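Same chain, two partners: chain A is paired with chain B first, then with chain C.
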Partner chain A sequence: MHDTLAISRRNALWGLVPALIVLLLFFSAFGIFFLSSLQASGEAGGLTMAHYARYLGSPSERDVLWRTLWISTELTLGSLIIGYPMAYVIVRSASSGWRRFLMLSLVVTFLSGTVTRAYAWLIILGNSGLINTFLRKTGFTDAPVHLIYNETGVFISLLHFVLPFFVLTMMAPLKNISRSLEDAAVNLGASRWRSFFLVTLPLSVPGIVAASSLTFAVALSSFLFPLVLGGGRVRMAANAIYELIFTRFDLPLASAGATVFLVLSLFFVWVFGMLQRAVQLGPSVRQQ
Partner chain B sequence: MRADFTIYSRSFFMLALLAALFLLLPVVFIFLYAFHTGAYFSLPPEGFSLRWFYSFFGNERFRQAMWVSIGIAAIVTPLSLLISVPTAYSLVRGQFRGRELLNLFIMSPLIIPGVVTGIAFLIFMSALGIGPGFIALVLALTCFTLPFAVRALVANMHGLRPELEEAARNLGASEASVFRHVVLPQLRPGLLAGGTFVFVEAIDNFSITVFLTTMDVTTLSVESYGYIRDFDDPTVAAMAAVLVVFSVILVLIMGRVVGLDKMFRVE
Partner chain C sequence: MGAMKKGVSLTIDAVCKSYGDVQVLKRIALDIEGGKALTLLGPSGCGKSTLLRIIAGFVRADAGDVRLDGQSILPVPPNRRETAMVFQSYTLFPHMSVIDNVTFGLKMRQVGRSQALQRAAEALEMVKLSHLADRYPSQLSGGQMQRVALARALVTEPRILLLDEPFGALDKNLREEMQVELRKLQTSLGVTSVCVTHDQQEAMVISDYIAVMNDGQVAQFGTPLDIYDTPQSEFVARFMGGSNIVRADVIKTQESRCALQVGDGRAFQAYAGASAMVSERKAVALAIKPRALQIMDMPPEGAHVNGCMTVSGVVSNQVLLGDSIAYEISLPDGNSLLAEVARDRGTGIHPVGKSVWLYAPGEACVVLEDGINA
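Here is the complex of A and B:
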């Protein structure tokens, strides 16, 4: 950065005042919320860890947390497998038509509304929906294939939800890999696959970590898709917390659960951050 | 190197195409389903009608929710941008200790699960005596959307040519007038991109919003969730079709002005 461009400390601090007010609001909300998870029930008052003990002591709540972590891992891997080629083709395609088509599919999806998409999958995957009707008419099956209200439906709809996050984050790091390195490998006689696995893929590891980190975080906090396509049978951590409030009316337990969930999410953000620093490449191999 | 030489293999391209078709399937499907005559899905489709559009716009609760959603977005978008311009400027051009940490704090609403933010605001607003409702929604969504606006503006400011500001400073302009006359006019792409993100998020958000709506003050996302839970007909598909057309037009205009790849550049 050019030092001559720096603004005075006083002006910089004034500029931050509005944001600091918003942050104060945001973190006061979390402060009060955190307090409510520590409040002892009954007339006695005082602080207690009882709600945390209750939450972590419940096998079903622990099971939901594990399942949430597992589904998020599967979703991140799924995004990597189909999202990486998509980002790569967008960045490297010689045809601006294909580039534009792929970009448009991402942008339209991103902007089409989450409730809309959840509803669309409900009808597409439902027992008398698009896929099952098609399978029946073509004589493939007689009985409907159950695709909703189970983990399959939640996975498909969530993969669709998180994929744009992965691709949009993966594009910039791929663009920064010097094309001449890949071309050199091919010119020296490597096959395209060999050049990909030995040159492009290793150079894009930092990008993969960054994109996976965002995808995992988004997947972890998913709420609406399991709510609509899980039909109460498949629950993720956010859904379990919602149920604690709106069906069991146990606000302190929900706050304790939400705090545990928050700490868990921040822990994974931190782990990915460490991973990212570990795989960061020197500036020499990146295109300037 | 020949210009038409593709560095990736055919199977890579097929995977990318498959991903794009997978992404487009629900959007295209819901758009066609909105014109379906019957209340239930059938193949081949049962004719073509606009009856679900009438059903959507004729529904009192949907109309009310639409105005609430538009009202929230109309307040949150300018508010969020107004806060982020000085914030982004201080983050990019200011030199003070703890800048990285502050940036992390400002971005934190993006990482914190929406349900957690929703519960926190529900408890906080009730403790303040405001309770759930329009004001709570505006406050919570302003906090939630701020990172989107700040990100877009920070990216915009990083791309500015330093010579312009340097020249103005060397010619004796004050910091305030450099900002007002040199920096501000160059922020149009960031404001448009950030504003689009904030607007869309403010209308679309569900996981925070669902905690802060009341019987009378409800948003399109929460109302349409309630509808698909209780009814089985394409009314929500008609709403989706309207929203999709609206957002595609919005993005095409933005793309014309700013460029799509610039707008969705993720730093």
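Here is the complex of A and C:
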């Protein structure tokens, strides 16, 4: 009896091996990056923090970090403002036509390739693009409004990119809030708006935190949209690291930057996690 | 609870509602005096919940009117109707404490905080939950949540109290206890109420009037005893439960009176409502309660069976119920009847296979309007 149990345990451990190999492969990339960020340059070798000092000492690199955090925050807020009502309408709308239209436009966005979309935005936002042509034809402006190769274009295209992450994550928590709770509030004398603000919104806060955390993480790691629509003038962290490797060939500095960025990202993941636990444990357990 | 306004009368006037091609409510008309409790009773899909939601204002009626004290409430938005609904799922706000749940409706009515708290405390007292005011809904049992929901509804002093399968989620004992309690509260407060349920027992306990609904129509309206004792249709007889449905031949018609006969039994006169129209039919369906049937070994003769429905049969099964015994009796035509006979220690039990005679007083046999047509 005892032996067979031990054997089956040992066998179970063997089952972990494939997963470990895959994980190690991924993790080794980070490991090598991390190591090269600590390697001293030149023949001498040895470990050094000099690259970190160089990275954090550079105003332009620090600026990129702040920009990235700031744009990601803006994108998260934008997703909340546009995505929350969208998710709400999809979940609650009585008209299945509306629901299907919104879902379809989201999913098509979600599944179409990012490169295609980036270039589509170039065409729409460009100086002789759809929007500028419209503005000129209607006489709003004479000179083109610059919408690409600046933060505006990056923001618009990225918002379009991260929005489905927010909406799709927000839908399940909203669906879990029983419609009859809103009915009950209305029945007790609240207007539809008040019932939303007093009942639905507070109950969906855990969902908002979850959706925001995902959106923020996705936004932080943006690379392609800033590359195409930023035209080299708007750089986010991933673009800056890419540049350090492939145009300045400074692998140690890039590695230091990547490590700092990773730590920063993990920090925010942790903050969102804490926030989520706080709102979820919230009122119902306060008593005990 | 302070002096509650005298209950308002409720009139439901030819209310219709369709979803697509499906007619959910077909010209429903009901009328009850102030302070009375009406129960909409029926199987799922009969339209009872839709009617309740029309009264609450969550569903718009296609046609017809709903009036409280003669005034139409249909133009009034749901949050101004001063109806208070108790939902099957309780719908307590999970992020608010019990006391905040109960004061919610008062807050919406701009009642001052201190007065609201006092009224809420009284309402909680009424449902015996004063000690749980600071708890959150997730910390309550089903019965306690139901009480809070009731307090939350009653504290607003609604013109009409609406209950949607209020005890559906409770276990049997608790449900029965809550039914009695609700009935006491409702009568002592004198609040007009409308309850939706599919449980006929529950309807008996909590109502002044029952409207049995079927397929978007009121199949029968009356007091609980009316409906239990004298169902008008086979549907109501079956839905109220515990009735045998028996075919009887019309053997002689004389003006409004007529004689009936079941199988090979004697001629008798049954209870027939005004609309039963026995004289125009050759055969009718009778509803007979199992407890109204008596079993005899011998053909029923003599004065005490005069005017009784009688029929012969064979005992095909018996179930001991303690105080009584339920017999299944096969009739010669192949149907069977259920008879529930009180048991004394002395009396024997009729064995399976024994030939017996059944009889029941004529007034206990209710002629149904529909059922057998011949």
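Here is the rule we go by: the second predicted complex is superposed on the first by the 263 of 288 C-alpha atoms of A that agree within 3 Å, B and C clash if a C-alpha of one lies under 4 Å from a C-alpha of the other, contacts with A are read in each partner's own complex, and residues count from 1 in each chain.
One rule holds in what follows: contacts are C-beta pairs under 8 Å (C-beta built on N, C-alpha and C of every residue); 3 or more make two chains touch, one makes a residue touch a chain.
All of these numbers come straight from a predicted model, not from anything done at the bench.
Once the two complexes are overlaid on the shared chain, A:Tyr119 sits against chain B while remaining clear of chain C.
Between chain B and chain C, B touches the greater number of residues of chain A. Contacts of A:Val186 after superposition: both chain B and chain C are touched. In the superposition on chain A, A:Asn176 contacts neither chain B nor chain C. Residue contacts after overlaying the shared chain place A:Thr152 against neither chain B nor chain C.
In the superposed model, A:Leu23 makes contact with chain B only, not with chain C. By the touch criterion stated above, A:Pro202 is placed in contact with chain C alone, chain B being left untouched. Contacts of A:Gln39 after superposition on the shared chain: neither chain B nor chain C is touched.
In the superposition on chain A, contact of A:Val228 is made with chain B only, not with chain C.
In the superposition on chain A, the residues of chain A contacted by chain B and by chain C overlap at 183, 186-187, 192.
Chain C contributes residues 56, 58, 78-80, 82-85, 87, 89, 91, 93-97, 104-105, 108-109, 134-139, 152, 156 to its touches with chain A in the complex. Within the complex, the chain B residues that touch chain A are 1, 3-9, 12-13, 15-16, 18-27, 29-30, 33, 40-43, 82-84, 86-87, 89-90, 93-96, 102, 105-106, 108-109, 111-117, 119-121, 123-124, 127, 139-140, 142-143, 146, 150, 162, 165-166, 169, 175-176, 179, 200, 203-204, 206-207, 210-211, 221, 224-225, 228, 236-237, 239-240, 243-244, 247-248, 250-251, 260-261, 264-267. The part of chain A that touches chain C in the complex is made up of residues 178, 180-181, 183-192, 194, 198-199, 202-203, 282-284, 286-288. Those residues of chain A lying in contact with chain B across their complex are 2, 4-9, 11-19, 22-23, 25-26, 28-30, 32-33, 36, 81-83, 85-86, 88-90, 92-94, 100-124, 126, 128-130, 133-134, 137, 160, 163-164, 167-169, 171-172, 179, 182-183, 186-187, 192-193, 195-196, 217, 220-221, 223-224, 227-228, 237-238, 241-242, 245, 251, 254-255, 258-259, 261-262, 265-266, 269.
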